[in-house]
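Written out below as structure tokens is the structure these notes cover.
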Amino acid sequence: QELFFPSMVYRTGPFAASGIPLADGYADYFTLLNERDGGIGGVKIKLTECETSYNTEKGVECYEGFKGQKPLLIQPNSTGIAYQLIPKVEADGLTMLTPGLGRTSVKNGAVFRNTFNFPSNYWDGASIIIKHLLAENGDDLKGKKITLLYHNSAYGKEPIRTLEELSKKHGFEFNTIPVDSPGQEQKSQWLQIRRDRPDFVIMWGWGVMNSAAIQEAANVRYPMENIYGSWWSGSENDVRPAGAGANGYKSLNMHGANGDYPIFADLTKYVKDAGKSAGAGDQIGSIMYLRGIYEGALAHLAVLKAQADNNTKEVTPAMMRDALESMEVTEEIMAGLGLPNFAPPFKATCENHGGDGYALIQQWDASAGKWNAITDWIQSDLEVIDPLVKADSEAYAKEAGITPKC
Amino acid sequence: MLYREAGQFKTSYRADNQTFPIRIDRIGYFVLLAVAFLVVPFFVTDYMANAVLVPFLIYAIAALGLNILTGYCGQVSLGTGGFMAVGAYAVYKLMTAFPEVNLAIHVLLAGGITALVGTAFGLPSLRIKGFYLAVATLAAQFFLVWLFNKVPWFYNYSASGMITAPDRTLFGVNIAGPATAAWAKYLFCLVFTVALAWLARNLTRGSTGRKWMAIRDMDIAAEIIGVNPLRAKLSAFAISSFFIGVAGALFFSVYLGAAEVGEAFGINKSFLVLFMVIIGGLGSIFGSFAGAAFLVVLPVVLKNILVGQLGWPTDLAAHIELMIVGALIVTFLILEPHGLAQLWRVTKEKLRLWPFPH
Amino acid sequence: MLDAAPTRETVLEVNNIEVIYNHVILVLKGVSLTVPKGGITALLGGNGAGKSTTLKAISGLLKSERGEVTKGQILYRGENTADKDPADLVRRGVIQVMEGRHCFEHLTVEENLLTGSYTGKNRAQVAEDLEMVYNYFPRLRERRKSQAGYTSGGEQQMCAIGRALMSRPETILLDEPSMGLAPQLVEQIFEIVREVNAREGVTFLLAEQNTNVALRYAHTGYILESGRVVMEGTAQELRENPDVAEFYLGMSDKGRKSFRDVRSYRRRKRWLA
Amino acid sequence: MSDTILYAMEVTVNGLMAGVLYALVALGFVLIFKASGIFNYAQGVMALFAALTLVGIQNGQIPFAHLINAMFGTQLHHFGWKVPAVLAILLTALVMVGLAILVERYVLKHLVNQEPIILFMATIGLAYFMEGFGDVMWGADIKKLDVGIPQGMSETVDQITYNLFGYGFFIDTLDIVAAVVAVILVVTLTLFSQYSKQGRALRAVADDHQAALSVGISLRFIWVLTWSIAGFVALVAGIMWGSKSGVQFSLSLIALKALPVLMLGGFTSIPGAIVGGLIIGVGEKLFEFFIGPMIGGATENWFAYVLALLFLVFRPQGLFGDRIIERV
Amino acid sequence: MAQALPTEGWITADGRKIGPVLMEMKNITLRFGGVKAITDISFDIREGEIRAIIGPNGAGKSSMLNVISGFYVPQEGEVWFRGAKRPPMKPYEVARQGIARTFQNIALFEGMSVLDNIMTGRLTMMETNLAQQALWWGKAAREEDEHRAAVERIIDFLEIQHIRKTPVGRLPYGLKKRVELARALAAEPKLLLLDEPMAGMNVEEKEDMCRFILDVNDEFGTTIALIEHDMGVVMDLSDRVVVMDYGKKIGDGPPDEIRSNKAVIDAYLGVSHE
């Protein structure tokens, strides 16, 4: 009797640098549960990694490989793979979670029955940055220039529509600059930014594009404080190569960054010191590792809820789906996991598979070599986001011939 | 002693010209076809279909296409990914614009559209040759990807630029979309693959094929003996792109279901298909299949052995898998520079001589 | 003709070698040769007899054509050459002029010649050798600055031979030197061969189709036919052999035959039924 | 002076600098192509491998630590020492020579006299192998490379241009260093290949392996030599690019930026690499800067190729490439 | 050197009929940068004749053939074919006019079998379109068979049956030359250009080659222009000989006349041949 979780990882390929700590965190979290608690509700967890190299075809192969083994929760960890799997999980009756990635409009649970993307999505993120900027600038962004520097891919394009809406609403000037993958050469983009002198740069980058952008920004002396990255542009990997130049850079995060969370002691004791770390064991506390922990924690909570709701230890993917759909995560629950002040509270429903859209802003302190949260949880502008979600998901429903139901 | 030509006399040129002159080969071929059409569909699992068979069949089409251009006509192309993207986006636009029309027709139309685009990008081949020609095809590769990424019309204005294949049926059976059964996907692709392989075989054994090969082997001499290089090269580009377009259309609509142009049809795809063609054997239909099989199956097998059987960490396995694939490519080339097809031919030749050594 | 008689010492010995291409095509079926030091030895035989293959086996170039010596051995000055690569052999003084010219197309004629002096030697000597080659082949001097790829067939042939001479070898393997050369140039090249042989004691092993000329200049000869040596002897003996005279020299009892007459005395095949 | 002109000048200068960086990678391709007619796909991976090795040595990383740990359950990571940059560079150069020897021994030697496309394919196999090998040896995480090359806006240029035009140009110091290094490399290598005996032999080998063998040129020596030099060039490129954006997988993809440069300059010309680099660098930067915003940006990838294509249509062998011999 | 020749042709000693002028080269000059490969050369080729072109190495003989087949475009001069001035033409258009050739440095298609190589000679005559061939329908298959039959006759004629399916890359030099001849013959040309067809052959093989050339000439009346360095062959076979030296014409006439031409002896023959 085991709880089977596949882990789709990318420890190789162009995004390996982020993929490694992410996968380690996820794995270590489950190792901790097995070692400390003997699994969840007494049932051991079996975690099987499958290498995707962040490549959609390999992702499909992974999925096909484990889909017959009743995977409780699929976390593809890649927007491209997520798009691929959204219709498949539905057809196969499986459950998928894409926290802060994938297709934004899966938030509409009436259309996307088996996929979840809480606690918040890309559009939330974009809106939260603007909200933060509003707060910083006396609630007025009129006449300000904001530039979006984005990874020229599905992921990078996600915030554009939201930001366009927001620029209409708040009257700031908005323009976009794409960077082709991998993006290690951004000279012209930054010369353009140097010329345009936007007040703020929002960056939707990924992989080496992040560090290259921060380096170039430092080179052209664009003030770091005015750059805001997405939560995939805000890990140590992105800022370290630029050294002191990166000091003051800000980014979104959907979970806490600083603080010595109580869970670390357990991780050290049960996992690292026991020689059971998935990786080198030196990543505990890094942003991507924490993201892995968070993904693990969400899965953990869902299993607990499914076990409680169905009064059984044997959980099925369908029970997981139902559990996720009625999941409510509060501060107490997170604190109970050893992660106080770590993640935003949210409540999922049948219509809302995407949570309440909270995230925070963090800032890099180069001399201390750590990220500091500089805001509390900020909620996105749901007035703007929700109609967008509705429009996009309905368009999808129409194309794919789905009748929304809840 | 079974594998002999002796005793099998040909009484007409047509018999002498057939694809499999040796009887046992011919029988083997029909058995293979029968198994592929009549047996496999009953046993194919989702994993087999999606991880191995369907990609194999689709890549085989693309490899056939590239082999026509590079292997038969000698024009090195690194634009395969871009042309597959044309096929994919064409089929997507057609599927969403004319939902009532059969997908098979859309796929063929997508191939036709790709053929037009391919021919246009083939024009520089008249002046630019060899590896330099790669620049023209790379320009196609990067430009097409950029175009599909940039112009929202191509992806029906979706927020992220992703395209998603809607459900489609043929004879009441799902062939595209998530609900498609493994056997249906497999058969749908198989029909295309077999039909196109047959077309490719016909084209390459007749005068068109000879024109292409003449251009490949020595373009000046070919021109002097009466081959119009413009037409020969452009026809190769057109036919090749047609195949690749069909492959791209199937890749998107049947296999992936959703695609993002830079990811699914990037330069890596171009290289992958080129590897297939070279490893399989330039200028060989069989080679296209062998190369596709090698590069689709090998990583899956290695992964299953290293991770599944030996239990190595996935990243280590992935790295070592790369090393093994690389080492195998080099080893094969050293053993037989003309690819798996030639290796196969030499083996057969040895078999024919067996038990005498020469 | 036998005035510059070779010494009795054997410099190159080929013992019963068998050569296979591509693991399957058996080409030489036991060829043995002895090449006397300071002699001119001719290797005669029809198309596909295996002359070029024999020379390539000796110079080690076979490996680069996916051929291998599967039986027998080749001894150069008593040393087995099996494990030597061509560059080693050139350093030991064996150089081959390949059939079909093989000039470096993108290099100029002069650069081509200079590659011949790759293995060592000082500048002064290189200049001297270059002068020597130009004196042998004045046409090359005129074309020295042209890319070899754009010179005529005969010019390329001269270039290839000149290149070999530049390395001051002790043994030259010449593969069809007369091919594509104008008659007086053929004579001239063989004169050069004789001169280099007589003056510097360079050993020659030459594969030749032009039996007439070859037997006039060679001391000894071998006749190969489909991978086997079918006849050997001094040039004199070979010339006087009636079969050789008929098949290789084109002589009949009545003297030289006219090519126009071939139709009447060769069995005529009808190809229009 | 109008702002637009100033911006254009700034972009041009930066394009030149970017071009130099592309040229550094292209140079490695040219060397190997010149010496063997091989289009070495592995050049980018070689740059990555060199940079990984350099960082690994500098930081005293234990090679294959991950593999050893996985097999024996140990927890090895670092030797616990740091190696000074200069020494580390020297050691890495030695490693690259070793690599050249291995490549000759296990790959090239067996592929003498094969068609270019086969050789090309073999280098692809090599690239796969080295990519996996580099990762197994040093790990796939992102690494910071610092050999003490200054980085960031050059004050001097800023000052001078400010005084001249009233607008300070931005130029990255690292780029200036790269440009100087590239010029030195190009000049040395050009002299070497044009005027030395080895240089001539190199071109001979590229034309005809068999004929080269027949005149006594040792392919082994020539190949080890050129692959070593190419390895060294890869190391230089790896250092420059690695200092810019860290050392990780994507470093190997700079090869794609070198391709149009190579084609425009001509596969066989060392000066061609640098001139091609400059043209591409300036061209793509100006295009992206002025036209890019109108058509949605991210044009650099394809524009480089289209630019190269335009040149090739007029000169099919590239600007400085050897004339393609067409004869019957 | 202009001789008054009967415009309608004449009958040779061995009874073959030489017809009117088939091709005429008028004042051809060809330069490559500084190199003058051909300087102001004029000569004609008559129907049914065997016309030899000789000259020392680098004289411009091959270049002349290249001019005829349209591969080199002369800076000056005109080419007349079948009584009309030939407009600028691509080589493949020239081939379609019925001019086929062999090459000095064998230009076979190394990747194909002997049979396929010879079949390429008939490409100009094949007319099924892509679609028909793709489906291998009626006409395409039939056409293939017809041409195959023609090619088989040539194979028989040139006695190369045994190597039909061999890839040409593996053949020895002499056989390659024969295959090249076969490819040229397959085109059923009006005018056949042969560039040193007998280089690298021994006497026996040359005899074979001569026989083929004579047969082709005799049975189809194919006109032949021949470059060859073997004076025996040239003198025995040809009806008229053009001699070139350093791009200039130094002699033109029947073999006997050439044999004793002083300029020709000095520049080329060395000694009077026999």
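Labels for the chains are A, B, C, D and E, by order of writing; each one numbers its residues from 1.
The criterion applied here is as follows: a contact is a pair of C-beta atoms (placed from the backbone, for glycine too) under 8 Å apart; a residue touches a chain by one contact, two chains touch by 3 or more.
Chain by chain, the UniProt names read as follows: B, D = Branched-chain amino acid ABC transporter permease; C, E = ABC transporter ATP-binding protein.
All of these numbers come straight from a predicted model, not from anything done at the bench.
**Q** Counting one step per pair of touching chains, how far is subunit B from subunit A at the shortest?
**A** Minimum number of steps from subunit A to subunit B: 1.
**Q** Which chain pair shares more contacting C-beta pairs: C-E, or B-C?
**A** C-E
**Q** Taking mean CA positions as centres, which chain lies farthest from subunit D?
**A** Between subunit D and every other chain, the largest centroid distance is to E.
**Q** Just grab the chain with the largest centre-to-centre distance to subunit C, centres being mean Cα coordinates.
**A** When every chain centre is compared against subunit C, the largest gap points to A.
**Q** Centroid of subunit B to centroid of subunit D, CA atoms only: how many Å?
**A** 32
**Q** Any idea how many Å lie between the Cα centroids of subunit A and subunit C?
**A** Here subunit A and subunit C have centroids separated by 74 Å.
**Q** Using CA atom averages as chain centres, what separation in Å is found between subunit D and subunit E?
**A** Between these chains, centre-to-centre, one finds 50 Å.
**Q** Could you state the distance in Å from the CA-based centre of subunit B to that of subunit E?
**A** Subunit B and subunit E have C-alpha centres separated by 42 Å.
**Q** Which residues does subunit A have that touch at least 2 chains other than itself?
**A** Residues 11-12, 16, 20, 152, 180.
**Q** Residues touching two or more other chains, restricted to subunit E: which are they?
**A** Counting only residues that touch two or more other chains, subunit E contributes 71, 103-105, 107.
**Q** Show the residues in subunit D shared as contacts by 2 or more other chains, in ascending order.
**A** Subunit D, residues with two or more chain partners: 135, 140, 296, 298, 301, 327-328.
**Q** Show me, using the given definition of touch, all chain pairs that touch one another.
**A** Pairs flagged as touching, ordered by label: A-B, A-D, B-C, B-D, B-E, C-D, C-E, D-E.
**Q** In their complex, what parts of subunit B are in touch with subunit C?
**A** The contact residues of subunit B facing subunit C are 346, 349-350, 353, 358.
**Q** Can you name the residues of subunit D that touch subunit E in the complex?
**A** Touching subunit E: residues 327-328 of subunit D.
**Q** Going by the contact rule set out above, which residues of subunit D touch subunit A in the complex?
**A** Residues 7, 10-11, 14-15, 17-18, 73, 75, 77, 135, 140-142, 144, 151-153, 170, 172, 241, 244-246, 248-251, 253-254, 257, 284-285, 288-289, 292-293, 296-298, 300-301 of subunit D touch subunit A in their complex.
**Q** Considering the complex alone, what residue numbers of subunit E touch subunit C?
**A** My answer: residues 14, 32, 35, 55-59, 62, 104-105, 153-154, 156-157, 159, 170-175, 196, 199-208, 210-211, 214-215, 219, 229-233, 236-237, 268-271, 273.
**Q** In their complex, what parts of subunit A are in touch with subunit D?
**A** Listed in rising order, the residues are 11-14, 16-17, 20, 152, 175-180, 182-185, 187-189, 191-192, 194-195, 207-208, 211-212, 215, 218-221, 237, 240-241, 243, 245, 275, 280-282.
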